[in-house]
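Chains here go by letter, A, B, C and D, matching the order in which they are written, and residues are numbered from 1 within each.
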Amino acid sequence: MEEKVNVGIIGATGYAGVELLRLLLSHSKVKVAAISSKSYEGENIQDIYPNFREIFSSLLCDNDTVIDSSDIVFSSLPSGFSEPIASQCVDKGKKLIDLGADFRLKDEKDYKNWYNLEYNDKELHDDSVYSIPELHKDLLTGKSIIGNPGCYPTSICLGIAPILKNKLFDGDIIIDSKSGVTGAGRGLSITTHFPECNSNFSAYKIAQHRHTPEIEQTLSNIAGKKINVTFVPHLIPINRGILSTIYVKLKKCSGLLDVYKIYVDFYSDCKFVRVLPVGSSASIKNVKYSNYCDVSLHLDKINNRLIICSAIDNTVKGAAGQAIQNMNLMLGFDEDEGLNLIPPAF
Amino acid sequence: MEEKVNVGIIGATGYAGVELLRLLLSHSKVKVAAISSKSYEGENIQDIYPNFREIFSSLLCDNDTVIDSSDIVFSSLPSGFSEPIASQCVDKGKKLIDLGADFRLKDEKDYKNWYNLEYNDKELHDDSVYSIPELHKDLLTGKSIIGNPGCYPTSICLGIAPILKNKLFDGDIIIDSKSGVTGAGRGLSITTHFPECNSNFSAYKIAQHRHTPEIEQTLSNIAGKKINVTFVPHLIPINRGILSTIYVKLKKCSGLLDVYKIYVDFYSDCKFVRVLPVGSSASIKNVKYSNYCDVSLHLDKINNRLIICSAIDNTVKGAAGQAIQNMNLMLGFDEDEGLNLIPPAF
Amino acid sequence: MEEKVNVGIIGATGYAGVELLRLLLSHSKVKVAAISSKSYEGENIQDIYPNFREIFSSLLCDNDTVIDSSDIVFSSLPSGFSEPIASQCVDKGKKLIDLGADFRLKDEKDYKNWYNLEYNDKELHDDSVYSIPELHKDLLTGKSIIGNPGCYPTSICLGIAPILKNKLFDGDIIIDSKSGVTGAGRGLSITTHFPECNSNFSAYKIAQHRHTPEIEQTLSNIAGKKINVTFVPHLIPINRGILSTIYVKLKKCSGLLDVYKIYVDFYSDCKFVRVLPVGSSASIKNVKYSNYCDVSLHLDKINNRLIICSAIDNTVKGAAGQAIQNMNLMLGFDEDEGLNLIPPAF
Amino acid sequence: MEEKVNVGIIGATGYAGVELLRLLLSHSKVKVAAISSKSYEGENIQDIYPNFREIFSSLLCDNDTVIDSSDIVFSSLPSGFSEPIASQCVDKGKKLIDLGADFRLKDEKDYKNWYNLEYNDKELHDDSVYSIPELHKDLLTGKSIIGNPGCYPTSICLGIAPILKNKLFDGDIIIDSKSGVTGAGRGLSITTHFPECNSNFSAYKIAQHRHTPEIEQTLSNIAGKKINVTFVPHLIPINRGILSTIYVKLKKCSGLLDVYKIYVDFYSDCKFVRVLPVGSSASIKNVKYSNYCDVSLHLDKINNRLIICSAIDNTVKGAAGQAIQNMNLMLGFDEDEGLNLIPPAF
């Protein structure tokens, strides 16, 4: 019998962490060796998340124990907390997949500007790789630290990459994203208190969201020149899912079908990106609880503006699922191992 | 004792009609004389809407009875059905406030293109006036037919009018709107079937929504030149409310405070538009069940793009409330008579 | 011009307090003189609740200022905090309507058992009166402290009072209540964190809820003998409303119509209780944002069990609205002054 | 390589049918050979349910084709439509698992009374078996027609079986159930129109729901005597899940721990029933998207009444999942094959 790879989760009780746990428990090639939580250390995960009763029982331990017990460490922590974890992992020969923001931005200036934090060990960052697998899988070889992308950037970059790659655009890029409430995390706040959040809808961190430099970094790399975007996130009163509506002026009067073909071609090897037939519109319902990113294309002919809708489950393709996809590629597993999740109809 | 004005509602069982009924019943200067419904003729409104039990009892009659019983007729019907009503009203010396689309578009070509219908009696349309009161109240004098605006156009035009009026913008206008499900009406459809709609979010009629020509007509009038917009509506799984996020490139590098002052000045006489202090963001929660339109202003400095959030209750300021506001102005009542609705905190 | 009565709210930023504020602002005979909040003292209510922008502006002050500025003081505080307020009010000749639990239970033992607190000034309690107006309005005369009922007891006691009064029941009373999330207050908790609460449904404090002795006290008084109930509350993922489903074995085989007549008779003078025609079922939708209590009657013939559904808005009839109703009666105003709220259709 | 069993779904576009499809596609021992739909015959399932895009493509065919292509036929049709399907299956040597009501009631009188329909081929019914696997798995041997239980009866019978089996109860059984909206099916109705359903809560078919005879049949069999129940279902504005709150008077003063032990013992071999530790309360959140039934036990000591909360996902354990569980047992597969679904945390 093939031996399973030991994996561990640091920050297992946050929403990304617990979704990771759920998905890893159904992954045929790994074994969840240890999980940690600062807030709930010493408690059983079942007492925090009773959905795991009679399925998975484990005490939440400290981070060191996770690192020592695992070949692959997933870290899902607030900004600034994963860098020291990474350092330990490298020292001990473990691989790290960081679901936080510490290994996403190449330019430390961006990290300082947007997160008000510094890189303490620059070498670590040089040795890390940022990976939306569909766009960066070739860069994974030989790396031991992966910066797993943010949820908004995943939906946005997958939605717009083919346009930038093929230099079809002209002028500004405007991104109007909408996210379910798990995107705000499990920490309590008045904004996410049920009666304040339910039946409401509003924008937040308008043109000031921390995912902006990450989006621009990825898009600039693809375009081969500096790209600025206007990015406005909104909160939808649902649990899961992101829909990004992206507005791009086309350079020339391409027909919608031509654009569609470029997308289909661009994603021909990418199981998890579904380019919807012209006439369909991406919706959160069709991707939730799955690792898919649905992309639909629409044309405002009068203004020659392409409108792209991109939908993901923020906690799967936008976090835990993509982290597993990165692990699969890193370890040479099938890319979709453990990720063959059919989105439920409702 | 002052005599009350008799008002009637044609199409009283649709969502706009029934909200109109609720608001008119609390209006001190009018009396609801008759209400009609094609689908429920002969039934008591209480049997369709049991919220009215022991409050208001009335059989739903036919349209002729409503017209004959009323001084002011409100009509809330599908496209094409209000024009003949208007004709009757004019013949009988009654005034009509149409909540449908028949008297919104000045150019018949737009009506043909977007609604696939014709104007049968052009004189009627010449005698009618389209009115978002804050923008058009001076035009109401002497008119006997009012085209009450659509919900999306109300939120959008109020959000962007000061910019256009003051010629501060440069280039394209992109409008990303989100509406609660009552905007889709009371007619059954799979899209608005609870399990399909709940926990979902998606765009629809992308760059193809019928409110587009109405938006462009109003904005062009204000700007004094032809304005094209890219307009994308989305469906939010909540009952009430619209939030429009509007993206406009500023002509020159105005500071946000300057723009704010222009808005405050523009709306200084307008009780129902609240320009939020810089730093606040308009949200549906703060306007629902009221006639307010909350407008907030945000700047993407790097791209010199102004982002405007505009929130209304689609069934009040976007339909029934605005219709009453128009009636008040037409009849010389206080503009806010019957509309002093404090939005509940939750 | 008639002078208005000065009213004040202690604890104005909780959900009951802020709903009280909204309703009192539309009450023609009172003026909101002062409002207080421990958590937000010194801030403007508009900054906590932006729905009040351009409608009502007031700094949140301390409790003493509220008492000194008001003829009638409403207090909406956690258990144990209203008794000292009451003492001050009595000393200064002010009347107090307490929306908390301090003046609901006549037997101090109940208060000790369920709230783990004591009555420090027994005389105060002797001088106070507990009032669901439909059941207790005769007791209000000459009292200066009113214990405003809890939300669950209101829906339950109104639902079952006619049965007890007429001694139609036999055996046990089982009450299965369901409440919207505002019932849990504005304090943050993981239970009311949006992603944990949304799409969920569960019971809580099963047969252990603090409203149990209040329910039993009221029912026992009506029945003229000690009544025990089994009471189980549940949390519905909506903002407002309570539906109580009450199960009572009938003493003899009464027809449903007979029971219906008894209810109609019992509530003949009660504007705010609507006994629904046989065949209808009470639902939260038809009472929300209003002071109505809808009661529907159903018979399980085989088991000769009466099933009563009773629906209220927990924040209006279950809290703020009923407090105003009590004030109106206390001051000799029309019982429905400020409470003519038509429940919206959606 | 082991050959897979061919399965087919009749009525694949209803909510139970489509959930069955999703689950069967992940079942390692079966192959979905054909699916049918009356309303959508000739269309691709992907066009009705775009969540299946790039995952499963199949035209919806007619029922005969499904029967001919399959070893096991699942039928999910309105009452009265499965009997003729069953007849065909038997003739052609196929096995049928009926998710409708045609093979649930042993006594034709019940079927007539509650469904207003007759059994046309009584032999078919004699050859069929009704199976909640935890209670009836021994009866499955040699049967070729399985009547898959209703959603409410599943949650209720699993919740109360140990009490009846052990004759611990005395007197009446009251069942207050609450279901998500998918329980009402995919057919459009004003009750399930989003704006009417959202933010609402109410009971329906009070003491008149068709699942009543099915519940009583199962409970009577377990108890060994005729059991009558009072059963009241309610609609929760969520998509999935049922919570049943069951009230039973205990014969003698058993301690809660004793009852708990009896439950644990009763379900010791049942993977899919989780008896929660005393002090926990079953909630929909912890079972949704899974085949689990969570049961929690609570005691109202004063009235010596046991309160049982039982939670399932109505579309999995209450329909599609249980049908697969029955198939697994019928075919000798592991009971949990294809059903190892970990309920997500949110």
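In the analysis below, contacts are C-beta pairs under 8 Å (C-beta built on N, C-alpha and C of every residue); 3 or more make two chains touch, one makes a residue touch a chain.
What you are looking at is a predicted structure, and each value in this text was computed from that prediction instead of being measured.
Listing every chain that touches chain B and chain C alike gives A, D.
Greatest Cα centroid separation from chain C: this falls to A. Inter-chain spacing, taken between the CA centroids of chain B and chain D, is 46 Å. Between chain A and chain D the centroid-to-centroid distance comes to 36 Å (mean Cα coordinates, whole Å). Centre-to-centre, using mean CA coordinates, chain C is 39 Å away from chain D.
Looking at chain D, residues 15, 182, 195, 198-199, 237-240, 283, 285, 346 sit in touch with two or more other chains.
By the touch criterion stated above, chain A contacts chain C in their complex at residues 15, 180-182, 186, 188-190, 192-195, 197-199, 237-239.
Residues 172, 174, 176, 178, 195-196, 198-204, 206-207, 228, 230, 232, 234, 236-241, 243, 245, 247, 249, 281-285, 288, 298-303, 305, 307, 309, 311, 346 of chain D are the ones that touch chain C when the two sit in their complex.
Across the complex, chain C is touched by residues 15, 18-19, 22, 25-26, 49-56, 182, 199, 239-240, 271, 274, 276, 280, 283, 285-287, 289-290, 294, 315, 340, 342-346 of chain B.
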